[in-house]
Structures are given as C-alpha cells and as structure tokens.
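The next part holds the structures, each set out as structure tokens.
Common to both upcoming complexes is subunit A, partnered first by subunit B, then by subunit C.
Let's look at the complex of A and B:
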C-alpha cells in the first residue's frame, strides 16, 4: 500500500521493527530510566537505587544502599517536611504524591525534585517496602518560585492599598463625635470593601453656642472619585451652614456647588439629610431637610416610631433648581433620632429579599429598641444588619441622637 | 464559640472512664492517633480533637493574634477540658502538642492527672550549650518547603477541609483533608512551633509525666528527650525502639504499651 509516495507498513511489521529497536532489558529500563528510582525499607533505609539517581547525586551505589536513609538525602527543611508530612502521609495512605523537595548532592549542591512514593504490600496487605520516583524539577521549581514571588508581591501591594484606603476613609469621617450636653450621640460605619473607599458619610458639629449641625448622606459611586465627591460635600455642608443655617438653604448651596463641577464622567450626585439641633429645656428641637435620602426615624421612649418623610425632596446635584423639603421634630428625653443610608434598607438576605422591601419592617424593628438610648439603638441596628445579610455588600452609615434623661446628665 | 465544632472534638469510650486526651502535632490531625487511641476506648473516655487550622477544625475560628503563641493552643485545650468537665485527665501530646500540654497543665493543674509527651522538644533552635538540633536558617528552609508544597492548595479545597460532621462520606474526606491545611495557617503554625522556647516552663509542671522518645528522631533527638526528662520533676523516660518522629504511626504497639503502663501505675498509686 502506498500513500502519497510513502510506504506504510502493516502493524505486525511495525511491531517487529520496534522489538529490534527497543532492545531494553528490564534492568536497563530501571537503571537508565529518565527519572530517579529508589526502594527503601519502611524505616527509610535505602535498599535499591537506579543509575540515573546516582548520576544526579554523584554517589556510588555502595555509598547509599544499606548505609543511608531517604531522609538523609534531603535538605534540612526537606527533612522536617519529610517527618511532619511525608512520612505520616505514607503510613496513613500508602502513598505520597508530587512532593516538592530538595535533594543534596554528594558535593553539597541542591537538586530540586518532585517525589512520589508508594508502599508495596504483601498478599496479606502488610507493608513491605517503599518505592520512590524522583523527577528533576529544576526548571519547574524556578518557575514556581517566580509565581510565589509574584503572589507575595501582589499580597504586599494589596496590604498597601488597604492601608491607604483605610487612612483615606478615616479622613472622610469625624475622628470622634462631639460632646453635646444632655445628648447621647452614636454612629456606626461599615465599609463593604477594604479595597475601596466607601461613599457614605456623616458628621455632627457645633454651629454656635447652643446650636449643632448634623448630616448623613451617600454619594454616588465608590473609590477615588467618590472620595473626592464625599470630601467636597462634607466641607460644602459645613461651610454653607456658617452662612445660613436653614437646612433647605444649606442643601441648595450644596446643589449649586456640585453642579459647578467640571469633570465629565465623574459622579456628582448625592443624597443627604442635613439638620439643626437646639436644646430647649430637657428637650431638643430638630429641623432638617432631605435631598432624596431615606427618611430618618424618631423612636419615641414609649415605643412609637415617627417616620420623618420629606415628600418631593430631590437628589442633590442632579437638577439646576432642585427642590428640597424641610420637616421638624421635638426630641424629649428617651427619644432617639436615627439617620441611616440605604446600605441598611437595601441589605439583601440570602434569598434576595431586601431588609427595607417592606417599608414597615425597619420602623417595626426600631420600635423594639425604644427607651434603650442612642448607643444601644445603633448597636442593635448593626446587629440586625449582620443577621439579615451575612456579608453586607454595600457601605452602611447609621447616626443616632438622643436626649438623655435629666437624671443621667 | 462552640469548642466542639471549633476543634472537631470526638469522644469515645465509657462516660465514667478516666479521661485520656490525645493532641496531634504540627502537620497532621487527630487521625494520627488512629493506631493507638482505639486501644484505650474500652475503659477510658478517649477525647480526640484537631487544633484550629488543622484537619476538620473550623478554619473561620483561626485568629493570628490568639494563635501567635503556644499559649493560644493551650487555652483551647483547657476550654475543651472545661466543656467536657474533665478531671484527672491524662493528656497525650505529640511533638508541639507535648509543650501545649505542658503549658495547659501549668495554667490549670486541677484538670490533669498526668502528661504523656511523645517526641517532645522545648526548643528546636540551638542556643548556647543547648542543642535543639536546628539553626534559625533551617527553620526558614522548612517554611520554604511548606510554600513549595502548598502550591497545589487552592481555595477550592477549603470546603473539604472545613468540618461538616453530619456528612457521611467521611472516609473519602479524610483522605482528602489529611495533612492538608490552609498554607497561610500552616506557615504560621510552623513558625510558632519551631521558634518557641518552653525550656523554663518544664520546671513548673506539677503533674506526673512520661516522656516517650524514639531511638532515632531528627526532629527531637534522644538528647532533647533526656533534657525534657531531667527538667520535669519525677518524670519517667521510655526509649522506644523506633525511628522517626511519629512512633504512634511507626511503632503503635510499643507506644500503646508504654502509655498503658503509665496509666496502670498512675491508677494503682
């Protein structure tokens, strides 16, 4: 038979030609195999070794057989690994596969190898000896070391990024909340990612001798762009309140400032609640305005919950003449005003249900925390959040303000 | 924190039997004791567990702070003993767990009736005249060996390692998880294990103790076993005709016999 000018042999002819070519004896196959072979007793004493391995190591057969154990051929680190992992694995499972070890040659050089060992058993299943194959792994090991080096480098870079992020994050939140006579203030902040600066923010600050400003909001986006917007928003709110404390005026100023940004593609919207606090006897008078933000709650000492809605309040930074809506409330001792971002209400349970999907859920939960004080309310809400969603996927900020009872001041 | 799932605690043997707590060393898990522990389950309350980070322990309980010294592991042992309300327990610790047992017994001797230390070493790194057997550079080399051998480990292994006690395919998972662990935890445990120095703690031990020493052991040489024996007041030393660092695997009958003899004399005295 001829195909395209080549003679094609019949299968039996090919087999005959293989036999002539492969005149290997079993001995030769063992001794000159392209890998190292050795057999040891159960305690590791070398009983047989092939020529390939002897050549690699620079030993004579009589140096090793009956004189050395397999562990003797290993580097010190390899010996420790052998005793703590390899030997127990071999005893327990009768085999150990693809272990990366270094053999030490007669002249003291290291030979990186991959070792696989199996235990040979007799008919009754009792172990007799250990058979070991040894593959030269110099190039593979160099490549693996490079991978390890790259991984460590990546881990270091990630740590650096996280440090930078958490530092930046801290600069965007108040280092500590101010002391206001007669008022308990508490906050909770959860950053969804340690790699990215979050977009939620809040602050409480003095306006004059007996008035306090506070705000809590959420800028559009995440990361460096969001951090820039958060920073601008925070400082604008504080500066605007110096000129005109009216909450609607403060939000209008912020709207104008955000509209003036000339950075196409960068986010420039936020939702925010801005408010004023003024002590009045044992009470505090609150007036606030909201721009597209989830409504604050007032948890009354007796368990009633007022939802401070501001219908028609628009997103800040989106429209030239955005409309903001004001409302007011009176906090008596034991009441707590709670502001929060949508990280709380939009937290998703494993089955996908959002915590705030049913608008009644949050007020109902909050009613259960009545009379416990601002700190306890914040802690309880943080617990509610982690119980609802194992890993909250969005940033969350919660701020609570509550007049203390006169006897606790 | 539930110590049962944290340390994958398993208890066999009669409720009223004398408690015998087996604690595995670096590199493996409680399965290391399977050629020795069952022999005692007829008349002892046999307690086995995995150190956090090993075997089927709860990996989420691992905390680099708590486990930055052997005291953290010793605290776990005491918490397990408290949970089971063990009294007069004999603690059998292999390798690094021998020192974990020493620390636990010093912290609260009231729970311990005795210590069996298998291949103990109070310090692996040479120091002046003291010969632990290793240089600091050797230990770094071990850490490199760990890194090279854990390349194949991936996050996909984690579910198999995490303890899911009610799962039936135990045998299969045992093979999968044996000697496997999160590389970062293994590296950390190796560092804590091989760089600890507990020589001064030995003199504080007040409970009876037995040192089981292999004839040849590169990790804890006979001279180290003798050092431990000399420092532990009133301790016994038994030299096993075994090689390597794991006599409970390579010479389980001798190991079992030596522990049984120690228990016999402790209960008759």
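Let's look at the complex of A and C:
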C-alpha cells in the first residue's frame, strides 16, 4: 500500500516495533522516569525514592529511606507550607495537586518543584502510604519570576506616565485664575483618564487695564497630540487677542493657525468659546464668539437662565473658511456666566441617557443654582456630573464668571 | 454589544454607506478605512446614511471631515443624511450641519 510514494506500515509491524522500544522493566521506568517519585509512610517517613529524584537532590538512597521524612527535604518556607496546607489537604482530600515547593539538595541549593501527592488506601479505605511525584520547576519558576519582574516594571512605568501626564496637564491649565476686582471666577476640571492628557482647556487673562479675555474649549483627540494642539490653541488665543480683541477675529486667527500645518488625513480642530469681559459700573459687559462649542449659560440672579446660542458658528481648524458667530450679554451682580465642555452634556447615566439629551435639562438644573455665586455654581455642576455618571468617561471643564454684589467687594 | 455596522451599496455613480450602531474612537478607524477604499471621481456622490447611528463622538466627526475633504479633492459630492436627533444636535452645535448635511431645496 502506497500513498504518494510513502510506505505505510501494517498495524502488526508497528506494534512489534513499539514493543522493542517499550520499557521491559517497570522498575527501570520507576527509577529513571523524567520525574521524581517518592513514597512515604503516613507520618512522612520516606519509604521509597527513585533514582531521578536522588540525582536531583544529590543524596544516596540510604541517606533518605527510613531516615528522613519528606518535610526534611523542604526549605524552611516549604516546611511551613507543608505543615499548614499540604498535610491538611492530604488528610482531608486524600490528595494535593501541583503545589509549588522548594526542595533543598544535599549541597544546600534550592530546587523549585511542583509536587502532586495521593494517599494510597487499602480495600477497606484505610490510608496506607503517600505517593508523591516531583516535577522540576526551575524553568517555570524562572518564567514566573520574569513575569513578576515585567509586571512590576510595567507598574513603575505606569506610575511614571501618570506623573508625567498630571504634570503636563497642569501646564495646560492656568496655575491660578487671576484676581479681577468685583468678579468671582471659579473653574473645575475633571480628567477622565490618569494616564492620558485630556483635551479640555480654559483660561482667564488680562488684556489691558480694564479688559479681560477668557476662553474654554475642547480639542479633538487625546494624549500627546491633543496636548500639543491644546498648547498651540492656548497660546494662539492669547496672542491673537492682544493683536485684535474682536472675538470673531481671534477665532479666525486660530482657525488659520490650525490650518497652516494642515494634514488632510489628521485634521486638528477644536471647539472653543472666546470672550471679552469689561467692567461697566457694578456690571460686566461680555462679548463672546463660539466656534462650534456648546452654548454658554447666564444664570440670572432671579433664576432665569439665558442660553447664549451662536447659530452657525463652526468648529475651529476643520474648515478653510470657518464661520464664527458673536453674541453679547450683560452680567449684573448675582448673575453667573457658565462655560462648559461636552463632557458635562454628554455624560451618560448608567442606562445610557446623556445629561444633555434633553436640551432643557442643563438650563433647568442651572436655574436651581441661581444667586449662589460662581464658585457654588461650579461646585454644584461638578456634583451634578458625578451624580449623573458614576465615572464620567470624558474630560470635563467648567468655568464660571460672576460679578459680586457691590457690598461683597 | 456596542459596535458599528457599515454597509455600502453602489447605485450608478452614487455610493451609499449606511451606518448602524455607535461611531466612536473604537469604530471610527474601520469607517475611515471603508470610506478610503470607495472609488472617488469627479461627478460621483458619496452619501452616508446616519439614521441608525445611536452615538457619534468627536472621532466620528473627524472621520466625516477627513472623508469630506478627500471627496471634495476628487470632485466627489459628499453628504450626510438622516441624522437622529442627538447627532443632528451635535452637527448643529459644531456648525458642521451646513457643510456636511444634504441641502434641501428649501434651504438653498
């Protein structure tokens, strides 16, 4: 019989050739098996041991049989484990499987092994002796040590990354918000990830003696590229506002800058609100422009909430001739202007519902915080966020500006 | 089970892509690859049907912006149709509705 030129042996021939190879002596198989064999009495005294294990340990048979117990072969830690786990397991279950132990060789070296033991019983079920197999686990133990080392190294790397990330994140947010006479300013930043720099940003800064610029936005993406984009956006906004304070002009400049190194396959864009703030008596006049950003709210002292929409304003950096739309508002003492990123409105409840799914929800919630001041509004919104989504999955920035009542200045 | 199902069909020179599910940072690259493989030429049209889209995040917007730029460069018409309310709102807030959504005669 021939298949593709190969001779295939008949079954009888194969049995004959196996037979010649097979162990003809069970004693030889026992002695020279590729694992250690050991039989002990119930008290642990070694009754029988194979040559493989003797070779591994460097003992002569007469050193062990009738003279030493299995526990004598173990390291100090192994003896303890034998006492607390191995022996009780054998007594209760009649077997102990794949225990990782260290044997100590005649010359004092440790030999990591995997031990499996079963209790041999007589016909009446009374225990007679313990049979033990011992597998050399040096390579496995080395592998486990390597795994452990790699894991510790990864944990250290992760800690380093988190430190780096939080440091970088701090450089992208103002260290402290400026003091503006008569104005309370408060901000909140929630970073969704501790090992990735978030893409939300905000700032408040002086333009001249009595004018202030502010912005809040969200760049696309996360991580190092988002950090670079955030940095570029922040500095561009501040520089552009010095050149021309008109909020629409500021956003147009940012759009040009983001388009300058335009890569069609990896657009760099952000949504941002840029505004100017100017004291006027006890009030503050605000003019702002939005580039595709969720509309700011003005929470009036009396509980009314104005949504400062800028219909048609487009995100910044995505389109060559992006269109930006301005609006203005007057803040009287007790009013609070609130800017926020979509981490707040797109926060998802456990059932998947977004906080801003109903566009009336945020203004309605905000109305409840009327008259409490900028700090309290920010803190309340931060509480709303964590109450809505246990672990908000997106970064969230909130910035609030509110004229203080004259008597509180 | 979240995820995005993408089906494409060609009718003459119009390629219609129907999206069902969630378009986010995990699924956007697959859509990006699918759109990049579609043949584009002057006079062709690429229509993306969003009616089955349960979620679209900024990665999704990025994908649409990239696809639109590539289409325009090739002379291919590009439009999104039938966005469900949350996606429609996102397009409106970001001002992309004017450039990405199909223009109806009454808007012209």
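In this text, the second predicted complex is superposed on the first by the 262 of 409 C-alpha atoms of A that agree within 3 Å, B and C clash if a C-alpha of one lies under 4 Å from a C-alpha of the other, contacts with A are read in each partner's own complex, and residues count from 1 in each chain.
As a convention for this text, a contact is a pair of C-beta atoms (placed from the backbone, for glycine too) under 8 Å apart; a residue touches a chain by one contact, two chains touch by 3 or more.
All values derive from a computational prediction rather than experimental measurement.
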Subunit B versus subunit C as contact partner of A:294, first or second or both or neither: second
Contacts of A:359 with subunit B and subunit C, given as first, second, both or neither: second
Subunit B versus subunit C as contact partner of A:87, first or second or both or neither: first
Touched partner set for A:99, first subunit B, second subunit C, both or neither: first
Touched partner set for A:323, first subunit B, second subunit C, both or neither: second
First (subunit B), second (subunit C), both or neither touched by A:108: neither
Subunit B versus subunit C as contact partner of A:78, first or second or both or neither: first
Which superposed partner A:43 touches (first subunit B, second subunit C, both, neither): first
Footprint overlap on subunit A, where subunit B in one structure and subunit C in the other make contact: none
In the complex with subunit A, residue positions of subunit B that touch it: 25-28, 31-32, 95, 134, 138, 140-149, 151-152, 175, 178-179, 194, 217-219, 243-246, 249-250
Touching residues on subunit C, where the partner in the complex is subunit A: 57-59, 61-62, 65-66, 69-70, 73, 86, 89, 92-96, 98-99
Subunit A residues within the subunit B interface of the complex: 42-44, 71, 75-81, 83-85, 87-89, 91-93, 98-102, 141, 144, 147-148
Subunit A to subunit C touching residues, read off their complex: 218, 220-221, 264-267, 269, 271, 291-295, 311-315, 318-319, 322-323, 346, 354, 357, 359
